[in-house]
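Chain naming follows the written order as A, B and C, and within any one chain the residues start at number 1.
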């Protein structure tokens, strides 16, 4: 059985540069929410709506702002940003197995591929000709790394990831299982009703510190490369079509789909299920709410939405039917305004008389 | 060539506890719809709109309710619920290969993993340290079972399924190809515009008799576990984020996406393409229609919908433009009501005069 | 380092049957857009909105219609359809590795499987009993080909594709990584709140010249087969449920989801994120715009849409609230019309008086 790691509060305070209030030698062996944390666990208060749970909290210690710490009598680590402090400490308690350096006996590596001696290549992984695997990289079991593809230092690929040929991945990139990078985009020319395939001769270039979710697909470029900026975070089941460009530090939630050649700016947040048509541009600093259909470029930072609010199905059927009558309703409304104006003026005339 | 299995009608009647009308020794070697069934096939009538096909049906026999059997002259197996009877018999005619017990010569099993002797582990499968594979389990070719993960007895994993570490699967669970269970959820803390990764230290717990569709992803918990109840059925391409909880016997159709920490009750039906925001609760017995955007908790059982009805694109463009004018229209409507009330009262005054 | 292939303009002209204007011996070693092409690259003008880039174009040559060539002074290949000509030439410059014929030493092939001697089977691929792999087929690394499944001549499967048992694939079919063909569809009969699995005993039949995108899933039929016609093109992350039928040369973009037993005609275009309910029919020649919810059959060719247009989130919240009031607004509008008619007639009466 694997022993959980444990740290004293003073060790954790030192690691964070936090102010320690309470028992410096309290042992912490895990993290949990305010409601669930026990005496050997650390918790945190980031969302004000959970402040109510602080009074009954049984945690061994809590990450708090100075303001919140004043009203808390238990052990506390006082920091400027408790959520960020939690993020930093979370890695201490991660039970994700660390792969040993070296190439697994069952992996297949092409003669002219280069694998750094500090990298780990898992069982049955395939590294094709000309590929290069950087220092400290983990290539999970069953990954396939295509010809001439590169993975920068410190990368971590879960089992069962596919990189096609000529995919260039930056440093410290995390790719979850089932992701497919560099697949052939949806390019066809129509010849008298029959679709003729267009070879997709571009590649994919992915920056540093990117994360790519499970079963997400990023297609290679048709001519130039598909580009994913530094610090971009993509959730699961996302579809990035050929020649999309995504700016630095943009985050995109699950099931979003971005059509070909669309360019998204930096520091955007694209919520789950959003769809974007192709060949548009979204500027920096845009937030698109869940399931929004983006059919035109966005040139101003801010929040954008589409769709209708959920209703009980019976009421919804009425609303949906009325929407189809909306153009007629608008015309009738305009007609009423004219008629009423005529009545009012004739009424005025009449009252004048 | 593989011989199709064949059963006499009396054998099938006995298996179902059905009343047999007609030729007891009729041989049945397959199942088909009422329109397509031939003399050696069994069919069924479940949906009343297909009753019209009964008169010309050429099936060797039909599963019918007593009421429908009265008006049918062919061979029949009379049961209370023909659709359920069809479900029960369908397994007799399934040509899905049965894996032999034992570990394939090419599979890689860690020394401290436990594989029951009655389990089957397919070609190139990887079973990591501390994992336990129960009695009668099938682990398909190319599956990767992470460290300390458990699969309860009678489970069936198609080829190419990933379980990360610390995933606990109940009994008789079916997982289709490409599914990823236990991936690292989308957890990041924003530090001055840069996303810092939060280690996802929870696991996934899946109940008994669950089915998980092809390329569906279920993320591990951030702190506590992601929880899937007994008898839950998840279709293909579904995205279940970290710390979601799904109650017993809830069914969810393809391409649905559930955001983090949302809790869905028991016996719900979530149709295809539905999206739910995070941190909400859906009570037991809720039906959400296809592509609905669920942005708030649902506290009453019943059916819920959002979205607009499909129109020819030209009409739709008008409706969509009008929706953007709706707030203005509502104000003008209110204004008209006031004006008309004034006119009417002045008109009344005038008629009084 | 791999040498890029190079062709003279006259070679390319001959290959296309194009009229060459300019330097016949100009060497072309790649393709690029009008803005990005350099002196050794060929470009093309297909979309009129890019005509403005022609004047500053530095390409070694451009694929042009006769009309556009008249106003262009550089080297040109004059063709009837520049986009189609580009599609044809694109394959000359594709750096996708060509797999050598033969079965990789690490692949596992059942004794009774048939692999044509001209086919290529990649590392760790699994070919199960009774499967047949046709002439010139490439089966990528880590593919799993189920029992009795067939792949017609000239097919190309990327790494990590799953075919279940009894899947029949036509000629020249391309399947991208992560696709799953023949998974068990979502079929359950409800017995007192508990879902009983229905064995999915149909197969999948896929025509010639089909393309299937990365992580797309096509379920096997419940009774009869799921059918994909000739020349159908499916993008990434698409979900095709059991017993769907798709007609010849229909194209479907990413993230679309088609529910069970729905039948789509020939030469349709289904845009990204479209969802269709089950058991409906869509006739030939239908175009469905992105993210449309198709809840009923379509019997007339043409374009169809649903959804609302994106707005800034503040305005959207007002629109969404008003939509929920629409039925009430419609009634009030009707009421106003009645009242105004009464006022007008009484006004008339009054003016008559």
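In the analysis below, a contact is a pair of C-beta atoms (placed from the backbone, for glycine too) under 8 Å apart; a residue touches a chain by one contact, two chains touch by 3 or more.
Computed from a predicted structure; not experimentally measured.
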item: Same-residue or different-residue interface between chain B and chain C, half as cut-off; value: different
item: Superposition of chain A upon chain C: rotation angle, C-alpha, nearest 5 degrees; value: 120
item: Chain centre separation in whole Å, for chain C relative to chain B (CA means); value: 25
item: Sites on chain C at which at least two other chains make contact; value: 124, 142, 160, 178, 215, 237, 255, 307-309, 311, 323, 326, 329, 333, 336, 340, 343, 347, 350
item: Residue ranges of chain A touching chain B (in the complex, touch as defined); value: 2, 30-33, 36, 81, 83-84, 86-88, 90-91, 93-97, 106, 122-124, 140-142, 158-160, 174, 176-178, 209, 211, 213-215, 231, 233, 235-237, 249, 251, 253-255, 267, 272-273, 290-291, 307-314, 316-317, 320-321, 323-324, 326-327, 329-330, 333, 336-337, 340, 343-344, 347, 350-351
item: Complex interface listing, chain A residues touching chain C; value: 108, 124, 126, 128-130, 142, 144, 146-148, 160, 162, 164-166, 178, 180, 183-184, 186-189, 191, 193-201, 215, 217, 219, 223-224, 237, 239, 241, 255, 257, 259, 275, 277, 287, 289, 292-296, 302-309, 311, 315, 318-319, 322-323, 325-326, 329, 332-333, 336, 339-340, 343, 346-347, 350
